[in-house]
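Chains: A, B, C and D, in written order; residue numbering restarts at 1 for each.
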């Protein structure tokens, strides 16, 4: 078994640009590219489960993610996800009690010079190895339990709330 | 009290280049620059305790670091350090039992396009919030207890050993 | 008088990203940012004449650009412009005989890690100082007279044609 | 015949870092890497003639460069060179009257995030296609005839002088 199972669902971190349409679309998982450029002492798998803007995620998508993780033998899971509904999806996994599940993503596409993607993936990879079983969001350098976090839209960052 | 106390000691992560001498020297802490470019939800202090290549660290330097951390009120400590003697310094702190102390650094200077510095700092920041009290090294995406890690010089990475 | 008058009209080089809409829009001139990060021995002005996707440029926009350059006292002009209609706009200036006018732009937004913007601006700045009066396009590392170039859409690059 | 013959001689632009010695050494030509990442409409050759810090260049090295360029059939030559003696080497080629020879280099190694290498190579590639026969230095965004330029060491940039 690998040290870590990574599940990519899409979101800003994976956005690519199609000039013809002047639009972003969600491309293949950038977490694989980021980790591939480093000299790692951990092993991992990457599953690209869907490529969705998180505003487009449905109840069925969340069910699919839940069932995928429920049957994943590796107890350490990293989920990359869009930020707008990251909290909602994370909370939909709270019934999974026998794994450490960490969500992360990026506020700017990984292909931007100023993206937070590399730092966030690092932060999540560090946290997932150390946290007890449970569901967490790691964004803005902070580890949040999934039931105590919201995205502050005006400040464009995640913040802790009372449970 | 801040969420995190960062102590910079030098090492490759902080190396800058002086053209006249075609030599690197250790500059101010790059951890401050890396974190300063992000939109954080944690608070922290940075103390530049020394600016040393880790091969030049002495018993007195390690004593200074030990005493600094012993009297630091914040229980979560991140130490940036050169990689060549990182393990030795980390082990010199094993008597400090009431703090979570995480060492990280970089195999390439932070000012390089290909540096591992941003990822490593992220990984360490994620781990330090989640680990129990103890001394750890976070390098090559892996969290190592300080007494179970060596730097593999030929592969230029840190690896786990039996305690 | 400055060494160089830069006129920004928009295009991919200046595109910024608004997450809420998952769309690019044209922002302030990136040529100013690129040159501002360098230690230059030339002086220049930057005029942001419009912020347009080049597909949206009208006859009136081209008239405005023509008249602006016609009255510009500096004989060395660099125009940043979207690539899709760059050739058309350049040819609309062929009646201006007493200036060296060089168009450039980017196939990827300047904020991308892999953007050609910095190289292209460099290439145009080098060429504009050396070329005789006339209208040119500098893209894909090549200096093209405006009447001997097309954008090859399938290869996404500019190519020479017979006049 | 290719559009451009590039001759690499070393200098800061090609410096790589060997951690064991905390020293830079001159590596393979970075101009090849920079141009290789772009989608070009020009063809070129790259000859790595020597790998020298420019302070170490001897009379014999300059003779070798002179003779190499004298016998090069392509009339457009780009030379990458260290900055400290770039002017001296450029002037040693002033007897070559039937080619356009442009020198460039970088004040920071190309592998640095903040390097001027990509811009400078762009600037030189643009200028070499447009300049009449002669020997030039293209640095700090400016095209200088080789007999009218010095490196201002305190400002770390090239400046024009009277011939």
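One rule holds in what follows: contacts are C-beta pairs under 8 Å (C-beta built on N, C-alpha and C of every residue); 3 or more make two chains touch, one makes a residue touch a chain.
Computed from a prediction, not measured in an experiment: that's the story for all the values here.
With contact taken as defined at the outset, there is no chain that touches chain A as well as chain C. By residue number, over half of the touching pairs seen at A-C are also found at B-D, the match among B-D, A-B or C-D. Overlaying the C-alpha trace of chain C on that of chain D calls for a turn of 180°, given as a multiple of 5.
Among the remaining chains, B is positioned farthest from chain C, on the basis of C-alpha centroids. One simple way to say how far apart two chains are is to compare their mean CA positions; for chain A and chain B this gives 26 Å. One simple way to say how far apart two chains are is to compare their mean CA positions; for chain B and chain D this gives 39 Å. Averaging C-alpha coordinates per chain places the centre of chain A 45 Å away from that of chain D.
Under the contact definition stated at the top, the residues of chain C that touch 2 or more other chains are 107, 114.
Across the whole structure, chains are in contact as follows: A-B, A-C, B-D, C-D. Those residues of chain A lying in contact with chain B across their complex are 3, 34-35, 37-42, 107, 114, 116, 118-131, 138-143, 155-160.
Within the complex formed with chain D, the chain B residues making contact are 12, 15, 17, 19, 22-24, 53, 107-109, 111-114.
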